[in-house]
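Given below, in the form of structure tokens, are the structures.
Each of the two complexes below includes chain A, the first together with chain B, the second together with chain C.
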Partner chain A sequence: MSAPAAASDSAGAARSGPARPAPSRRRWTDNPHLWFWVFVGPFFLGLAIFVLIPIGWSIWLSFYNAHNTVTPTEFVGFDNYRAMLGDPAFRSSLVTFVVFAAFIVPTTFVISLGLAVLLEATSWGRAFFRSVFFLPVACSYVVAALIWRHGIFTGISSGLANTVLGWVGLDPVPWLSVVHPPWYWLVITTVRLWLQVGFYMVLFLAALQRIPRHLYEAAALDGATGWKAFRYITFPQLRTTSTAVLMLLLVNAFQAFDEFYNILATPGGYPPYARPPLIYLYNIALGSVQDFGNGSAGAVILTLLIAVFALVQGKLTGLGRSES
Partner chain B sequence: MSSVGVGQGDRRAAKVARGIVLVLLTIAFLIPFYLLVRDALSTDQQINNVNGWTWFPSNPQWHNLIDAFNDPSAPLGRSMLNSLFIAVTQTVGVLVISGMAGYGLARIRVRYASAVFYVVLATLLIPAAVTFVPSFVMVSTLGWVSTLRGLIVPGLFQALATFLFRQYFLGFPKELEEAAQIDGAGPWRTFWRIVVPNSWSFVAAIATITFIGSWNAFLWPLVIGQDQNSWTVQITLSTYATAQSINLHGMFMAALISMVPLLLMFLFLQRWIVAGVEQTGINE
Partner chain C sequence: MSRPTLPNPSRRQVFAGVGSVAAAAALAACGGNTGRSGGGSSGGGSGSIAQWYHQYGEPGTEQAVKKYAAAYKDAKVNVTWVPGDYDKKSAAALLTSSGPDVFEYGNGPTIDMITGKQVVDLTDLLGDAKSDFTPAMLARMTYQGKLYGIPQVVDLQLMVYRKSLLAKAGVKPPTTLDELIDAAGKLTSGKVKGLFLGNDGGAGVLGGPVLWSTGHDYLTKDNKPAFNNPEVAGALATLQKLFRSGNLLLGAPTDWSDPGAISQGLCAMQWTGLWTFPQLKQALGDDFGVLPFPAIGSSGKQSIPFGAYASCVSAKAKDVEAAKKFVKWLWVDQTDDQLDFAQSYGFHVPSRTSLIAKADKLKSGPAAEAAGFIAKYGHPQTPLLWTPTSSTAFTDAMDKIIRSGANPAKTLASVEATVKNEMKRFA
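Showing the complex of A and B:
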């Protein structure tokens, strides 16, 4: 870092020397405060109005009885928080998230890393296969959800999954309308896998290409190839990327909404099972009763939870130390 | 990777095995797209054929394409235009707003610059989706529910994009800017005439992923687009999926049409999309 700093210092000295009488009003060093706000001001103002103030407002609302109003007057202390934490539906939405994340995070991680390693080892048609696995990134959760719901996992015998079951002599399965066994998990998780493994595969591919080749050559001399090379060279070298991917996967699982809503919601409403936190929050704050007090309390609890998750994972993996 | 101690035959076998796995995976990954196209060109009877599987309709229903735009309960044309307008304005807006903010944070040394930067970092930790309740409260207070303003403006201030631009500009060669300043250019002109024109590939990467995110967004448009005129294309598709009686061929055709802009992007701009995805991963 010292070399560029020194270079800019000497450049600064050269500029302020008597040889160059540049018009001083044009240099930002003369009025850095003005220029800082010219550049950062629009963003910061918008962030304040649409993110920071709403969060503050929401915290305030969470201490009031706010049915159908955003300017309530009845202070209720921690009653909303007590109501949310005491609500079995809210707690079960947290359980749903844990179950969902416990499956989707490691599975997506392993498959996308596997695809990247597979592609990296392939000399033939790599660009084509990469495009194929990456293509679902162009698909929205809504489109994918309706292909899964009305094309693949329809409960009737003409859906793709049940047709394949029929070919091997099995009875059709009502994928989305039974709770025992919970087949809907298969539908929900496969749609997310299909949509996002290509995204993370690209991250791993980029990281694989940054690994110095000579590490493998040195290891090969010691007899470490194949699985050993992966275990002792590739995987440790991918540490930063793996951490980032795990974090992104966790946050994305926490925000799950689109595919749950579009696969499970019916004209009669959302079923009482498989409600992730955001679906629950949506029903509370924007359903038939607009309860902004409880809804805000729920949002605050969820925000704290994800922040704690992020910080703990950051501490555990030493994230942010390499940053800045 | 390496072949020390591995025989010629083993290597060929591994190569063949890899090839088979890749081809099988390719088929599995393409099946949903195949179903989408098949069902979009079928009648509902062909889709729900009780007499066996139809691989492809022998008489493709091309008129489904026209019909998809004429369903009064699912305004596809209007919602596609809404989505296009929203995605374009949000992309341009995010590039300008976050690009400027990122540059300011990277280059201008004022006492509170790091404090502002930590606020940006803190908002990165809070997923936007979790704050939809407070954001809705704000937008409804402004009277922006069911308006394009309400759909667009809150999405213009992306902490992630600002963060990525800051990281990028930290690595931008200072010499170019200093040369411009010696020629008498102020910060404004230096940024727009020197820095931006030399950053197109980074701008393109951020632009493509912003556009895709905006086009595919669902939760916020669902919350704000309560009136049919303000529906985005994803909301229109969603009403198909959750309707009382489902118009299958119409739904699949609409879904296929909704993907056209992004498929075109993938065809011509995939390089930049990949670069954009790599950026979002590297920062964390």
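Showing the complex of A and C:
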């Protein structure tokens, strides 16, 4: 909003100036509001049509019995919310994704920070390794999931993982078929780590390069090198980046869909394990069930939950707190 | 019940979806070719009809349905061939005013499409031909005495086995569940497993067969849950044991709906569908036989599920009568086209029983035997009132029992609660 404010200021200045044109001759293109709407309007229109109206509509639907219709007439109050909260499958999907987030967020954080620190410390082949670690980011989640499912973790003995097991004399494991132990988590978490570690590593690398050298020099004089330097210089200096990375990771974890769907869905549907809420809601609202009331209620519950997590995390990590 | 396809929606699409049902509807409204040419008549007839099909995998099918449509004189029919997740796309399009006039849907429209008045009554289209359609198939698409879909072609699921492998192991084709378990053990040697029921051990696909083969069903005739009983629980406990026996092929590169596992020699017996027969014949020659799902317990009978894509007419069709007339023309009267559609591209059973005798491919061998299963052992895949919510709850339960060893009786009881609750919507 500062741009149009500045524009109107300068327009005001122009008006008070000596070369001020007569008001009648002022061209319509001088109107600062016009340019505000020309630039912001299309974006705002898109935002309204594709985000704001749908969100509002979704909230409205969540209070209606809306099977196979988006213009329902039967108001049901909080029934859909009660139904969703009472649905053990939905509750278990919420637990699934809290557990998944609790694992994947710190793991990605530690690995990407570790890689960044190692890369920063090495002088040999830095560009090469940076590219190698970053490249998976360019790969689509769907493609990676299919490679993991059909190439690496296929259950037959000729699959890559089973071939490796064969070298050490172990029997092939049907990775995605057995649920005790839940090997499917290994498949899901490794593909996600492979896909996202590189991106956060680059964020950390950029932040590491901004830490002033003299801090390390001064610390070294005081005897702080190695782990101590990391603990007392590097890590605190990375605070803003770390906060942003944690927030992005959390949001990403909560959005889990692509790789879960492409790794676990079968012709018979999606199994009741490792089913993230988005997949469950997708099936309810847009899948065969076509129940927009319950689906929307679930989406609202999920949104509130994400908001709570984000607020708690913001509180704990100090997101948005002023640097002073 | 054609080959199930795996939809691959991206997370972005879904976010746009769950949070924004309205956007989906709006997009469907303005998106692409809906098959309708705006308003006026561009063909020989009085108006235009938009007809939707899902993407059949076999080459030539799309050209064939367009050929049939072009031959219709009374209106111009625009065929839309929908790739990807057809069920979701067509369901979304029905919410808008620019969806199809005529569309196909697996096993007829869903109960919510019918009660939501999204589809129209087609009862009067069959006329004298009514007795020529499998009664159970029509009953599946009938609600409160009104028919809502005209079956196009029938598909069925069944067990196939390698004759040579069974002969070598001295195993005769199993007709009871105990014999099947026994055979799976004897046929397992080294990397070849005895039996393949899908990578989830049959959890996703064997619900119906287990119920019917124990002498039960999803719902009773008056739509009460019929699946929660000791026989079904016992049968599921047996499948649970089978899953851990090491005799079941798990983690195959393809799932049950694809003939890959048995044709690549990974297993000796496999649960699959009639649609795999052309590939099976190519890979195995005459070395395969067919079986229904085996009987379970003393009161059980062998069974197989069958289903059909059915032609439906949208209630929002521009001209409902013209759309109905076209459906009658193509899927009731045009028997030559129906035979061509069932036989020349994919491998299906014509839905008019009088055509089965005329179908060359169904005259001999395993295909002939399989076609005979429909009348002998066939059950419609699921009852009309078995809603997707009930279906998800039941399949989840099957999975938890078979794969993670949940208690069958307790798990079935919790599904029963869900189903009863769901039934209240149609009381």
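Quick note on the criterion: the second predicted complex is superposed on the first by the 290 of 324 C-alpha atoms of A that agree within 3 Å, B and C clash if a C-alpha of one lies under 4 Å from a C-alpha of the other, contacts with A are read in each partner's own complex, and residues count from 1 in each chain.
Basically, a contact is a pair of C-beta atoms (placed from the backbone, for glycine too) under 8 Å apart; a residue touches a chain by one contact, two chains touch by 3 or more.
Quick caveat, the model's predicted, so the values are computed rather than measured.
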| item | value |
| --- | --- |
| Touched partner set for A:P54, first chain B, second chain C, both or neither | both |
| Which superposed partner A:L193 touches (first chain B, second chain C, both, neither) | neither |
| Partner chain(s) touched by A:N68 [first = chain B, second = chain C, both, neither] | second |
| First, second, both or neither for A:G155, with chain B first and chain C second | second |
| More chain A residues in contact [chain B versus chain C] | B |
| Partner chain in contact with A:N262 - chain B first, chain C second, else both or neither | both |
| Partner chain in contact with A:F129 - chain B first, chain C second, else both or neither | first |
| Partner chain in contact with A:F44 - chain B first, chain C second, else both or neither | first |
| Which superposed partner A:G287 touches (first chain B, second chain C, both, neither) | second |
| Chain B versus chain C as contact partner of A:F36, first or second or both or neither | first |
| Set of chain A residues, in rising order, touched by both chain B and chain C | 49-51, 53-55, 57-58, 61, 70, 141-142, 150, 154, 156-157, 255, 257-258, 261-262, 265-267, 278, 281-282, 285-286, 292, 295-296, 298-299, 303 |
| Contact footprint of chain A on chain B as seen in their complex | 1-6, 18-19, 21-22, 25-26, 29-33, 35-36, 39, 47-50, 53, 97-98, 100-101, 103-105, 108-110, 113, 116, 119-120, 123, 125-127, 129-141, 153-154, 156-157, 159, 162, 174, 178, 181-182, 184-188, 191, 212, 215-216, 218-219, 222-223, 234, 237-238, 240-244, 246, 248, 251-252, 255, 258-259, 262-263, 265-266, 270, 273-274, 277-278, 280-284 |
| Chain B-touching residues of chain A, taken from the complex the two chains share | 4, 7-8, 11, 15, 20, 22-23, 25-28, 32-33, 35-36, 38-40, 42-44, 46-47, 49-55, 57-58, 61, 70, 115, 118-119, 121-122, 124-125, 129, 131-152, 154, 156-158, 160, 163, 194, 199-200, 202-203, 206, 216-217, 219-221, 223, 225-226, 229, 241, 243-245, 247-248, 251, 254-255, 257-258, 261-262, 265-267, 278, 281-282, 285-286, 292, 295-296, 298-299, 302-303, 306-307, 310-311, 319 |
| Touching residues on chain A, where the partner in the complex is chain C | 49-51, 53-55, 57-58, 61, 67-70, 88-89, 141-142, 150, 154-157, 159, 172-180, 255-258, 261-262, 265-269, 271-273, 278, 281-283, 285-292, 295-296, 298-299, 303 |
| Complex interface listing, chain C residues touching chain A | 3-4, 6, 8-11, 14-26, 87-88, 91-92, 94-95, 110, 112-113, 115-116, 118, 191, 198-201, 203-205, 250-253, 255-257, 266, 387-389, 391-393, 395-396, 399-400, 403-405, 414, 425 |
